[in-house]
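What follows is a group of structures, each given as structure tokens.
Presented sequentially are two complexes of chain A, the first with chain B as partner and the second with chain C.
Our next item is the complex of A and B:
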């Protein structure tokens, strides 16, 4: 059961549903009764992407599943690439596939956006990424999709020893949206940072799923996901860290912290550590709570209206994740994204 | 200026203030002293508009306007400022950004123009220098990682920047060493004026050596049980609050 198979055969019964454990909280079959018509050729968007402020070396655009299929970096090459995946039609479906290869010592800053200029589409995007020895990837993703879209983005990332992956995903959700990252972690000094921020409203749904499989000794993984849900929105966090036999000296930590700002909102969090090696250091923390009433009163007592005070605290909550983005210009884009969500709260934010 | 009459306040169904009355005219500094549990913090939170403090009877007004009908931020815009006993940490919001947001929210509520960045920064530099606050500290998230003394100094700095008409200092001396107490008190004294009133809530007489009150009131059992001149504070220092205990019962 997968979205790819369902799209290929145009058979909605092949969509993953709550009967599949990995899709328990993100039931696509309930959301999509009929696979929509395949998307036609799209048009190059006239609007700028969310990373337009950053001068990238190269810009790749994949529209309605059509565009470049491979991005390769030579050994030692340093590149900043803007990658825009655009869906510009209404009630159609498509799949995008992209392979990214980093030769040894290559450094890629990937500024990736999933932009829904159309509506009610069904989209699947699959990235297959390979990092050779000592290569590094900083991947920052902004998901900007309409509230009636169904979208699944999957990245299958394989690291070699000494490689480095730093990923931050920012999302406001869609009708159903899943951002899944599978990492094969060889250890050997390779390090992984997997971060995420979700800020959901109305009936939006966002699912951040990660699986990090430590298959060799001496690897580090550091995960921090934070988010807030208001109205009747729903967030799903599934974080799995696997440590296979022999992957000793693995150092893995995972944090997921969330704010529930409305009685109708929901958060499903499923942190899992599967450890089959003895000499490892693994930890996870998971908290879900409301805004701090004391802090709210303090801010209001200085003259700030309650709604603004709430927005201030929610933003500050997400900022901790964004502050971990090392490249300043990219961090600023992420900060602007967060600040842009603050206004117009209904029953909470 | 501040007029509180027969104020009854319950918290979680328990009555804490039981008919408190207090008149503080413009230009005067009044101290409210009292033992633990007398209702001192309840008084300051109720006046500032904290949720969960239910006024069951009585009134409180500032310059003739009903405070109890306003939300906390509206009270601030009308000129009320509460200096917290334990100032909160606001991660992710630089102190200067926070104060400018607050100041402009107040100005907007009063129908005034927003203050521009250059004028704001000039004012901030002047006031920071007076309170011996490093300007770089103002770029850090509000109160995050600040010492107790730094937090209190930041309260006084906010006070100076927001220029309120009426100040409530809730146990401002707690957690301060002598040097910090002097700096904070000097900051408060610099704000004394004929148009401004102050309510200083304290457990100990010590603070009143630095901020000299015009009147001293004793709060016990949810009411003002005695009022007098500054000498009353010194008397309390000698005799303690025990003699007011029957009134509390």
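Our next item is the complex of A and C:
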């Protein structure tokens, strides 16, 4: 049961549904009755991507599943790459596969965007990323897809000892959207930061799923996901931290904090720990709640209109995650993204 | 690390089960296996009215169409339901009117349990015995119910389930299966078809039950599934505290235990349900031991009602148990306090569900898991708020303590929020005993063993405090015994 299989055989009954535990909150089968026609060749977009403000060393574009299939960095190479995955047709389907290899000591800043210029498409993107010893990857992803699209993005990331992965995902959702990150964590000084921000409105849905598997001793993982849902939107957070036998001195922390701004919105969270070693320190925290009334009152009392006050608080909530992005220029793009959403929303509250 | 090595050595020797003995009294068996005839046999044995039989048969028919659940993080060989006895009653006639009629072997069994609770004296009719009402379930059939009279004076009904079916059919009919429907899950459905006996409690409006109600379950005959059914109803403004304690004799074959507990709480009523479970966990190689597949659920139907579950789970080879609260009434409160200790080859998948349906409902979950040896300990819980359940609050804290390199601790919480005024907080930690704390305590002159006991006791204190006094003493001892020598 997977989207890839369903796309290949064009059989919608192979789509994962809520009966599959890993997909219980993201039911693709209910959303997609018929697998749409395969997407034709697309045209190079005339619009600029969300990271256009940053001068990248290289720009890769994958349109309707067609484009480069491999990106390799030599040992010690330092590169900033803009990666755009574009869907420009209506009611079609496609799959993209990309392999990224970082040789030892290579440093990649990956500015990845998934842009829906078409509509009602069904898209699957699979990234396989390998980091050799001491390599480092900073991956910042902006998901900008229409509210009638169904999109699943998975990344299977394997780290070697001493490697470093820093990832931040920013999304406003789609009809069904899932961003899944699987990390094989070797320990041995490797460190992983997995962050996410979702700001959903209308009937949008976003699912951030992560699995970090610690297979060796001495690894650290730091995860922070924050988001807000309004109107009838739905956010899903599933985070799993696994510690296999022998992966001692693992230090893993996971946080998921969400604001729910409407009685029609929904947040489903499933932070999981699966631990088979005793000398570890693992924790997760999860909170779901409304905006702080006292803070709202305080801002309003300074003469700020209620709507604006609410937007300020929601933005500030998401900023905590964005502030963890290390490269300043990238952080500014992320901040602009957040500000551009107008993340207030009244919904009768 | 020498301490760790020592731990592992000691854990290996830790399988001398204190309560591993068998009482030798004749049992009255139904033939092995499960069929419609067996269901009829059980019903006839218990002289049940026709409506009860029909209820069982319907459940049996439904059960045939169901599959055993496989989502829990436990593994065990497939159960052959045709190789089990579904009914075993002590050959002595059930329900004697006075204690003199009780088989002395039975009384000896209680004596051997050696539990500090003084129910034994009560059973033996000792003058001035403390006031606990005990409904002893000896392999599926309630043998004796004490204090019935005193309870009857305030209108509390406390009797075996079969007696309730005979004498209070209107209450049973009204509430049975309304909290845990027949088809709720595989094991609950099986229980509905073949349940043998259990306890029934009804507390009338405005009555505060004058004593702690207590029951001892003990699985005795070899290869016997024990299927109790407990139904407790707290009418408006009533209060009752119910204690359940379990021990079982040592056996080679796995034994199945699939109980159903239903609690109904009406307006302003409160039920406190405490469990200490110490069934045989299997031997050092993980052979034998009880399968404990229990469905426990409370329905807070009334406004301002409250349910508090407290459990200390130290036994059983496989535990699959989620005492839950359906918070239907406005301002109702659900609490879940749990200590789950696994050692040897034990597997426990336990937790709770807090389903918020009413306005301003509140729930609190405190779960402490300790895994040692080669065991696996999982917390699995659900907290959900319906769109109309405005103003709900939940606080969840799950802490796991790992002892030894070969055990596993897992946390699988589900949080589902559907309205803008709910506040859910969840935190979970997994660690081992802190070296610093151990060192600190030991440098004050305590041995390593004592230091560990002190720290573990501190770790679970929050939950122990929720137990009724008499139980807390027993539970504290049990925690120490379960982990004896297993830490470093």
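In the analysis below, the second predicted complex is superposed on the first by the 344 of 349 C-alpha atoms of A that agree within 3 Å, B and C clash if a C-alpha of one lies under 4 Å from a C-alpha of the other, contacts with A are read in each partner's own complex, and residues count from 1 in each chain.
The rule is short, and it goes like this: a residue touches a chain if its C-beta (ideal position, glycine included) is under 8 Å from a C-beta of that chain, and two chains touch if they have at least 3 such contacts.
Owing to the predicted nature of the structure, the values given are computational and were not obtained by experimental measurement.
Trainee: Should chain B and chain C be called a clash or a fit once both complexes are overlaid on chain A?
Mentor: fit
Trainee: Please indicate which partner A:329 is in contact with in the superposed arrangement: first for chain B, second for chain C, both, or neither.
Mentor: neither
Trainee: On the A-aligned overlay, A:21 touches which partner chain: chain B = first, chain C = second, or both, or neither?
Mentor: In the superposed model, A:21 contacts chain C only, not chain B.
Trainee: For A:279, using the defined touch cut-off, is the partner it touches chain B, chain C, both, or neither? Pick first, second, both or neither.
Mentor: In the superposition, A:279 touches chain C alone.
Trainee: Who contacts more of chain A, chain B or chain C?
Mentor: Counted on chain A, the partner with more touching residues turns out to be C.
Trainee: For A:288, is the partner it touches chain B (first), chain C (second), both, or none of the two (neither)?
Mentor: Only chain C; A:288 stays clear of chain B.
Trainee: When the two structures are overlaid on chain A, which partner does A:305 contact: first (chain B), second (chain C), both, or neither?
Mentor: So A:305 only meets chain B here.
Trainee: Classify the contacts of A:265 with the two partner chains as first (chain B alone), second (chain C alone), both, or neither.
Mentor: A:265 sits against chain C, while chain B stays out of touch.
Trainee: Thinking of the overlay built on chain A, is A:232 touched by chain B (first), by chain C (second), by both, or by neither?
Mentor: Neither partner.
Trainee: Which value in Å is the smallest Cα separation between chain B and chain C when the structures are fitted on chain A?
Mentor: Closest C-alpha pair between chain B and chain C: 15 Å.
Trainee: In the complex formed with chain B, which residues of chain A make contact?
Mentor: 292-295, 297-306, 308-309, 312-313, 315-317, 319-320
Trainee: Which residues, counting only chain A, touch chain C once they are in their complex?
Mentor: Per the stated touch rule, the residues are 21, 245-246, 248, 258, 260-290, 349.
Trainee: Of all residues in chain C, which touch chain A in the complex?
Mentor: 71, 387, 390, 400, 402-432
Trainee: Within the complex, which stretch of chain B touches chain A?
Mentor: Result: residues 48-51, 71-73, 75-77, 81-82, 84, 87-93, 98-99, 101-103, 105-106, 109, 141, 158, 162 of chain B touch chain A.
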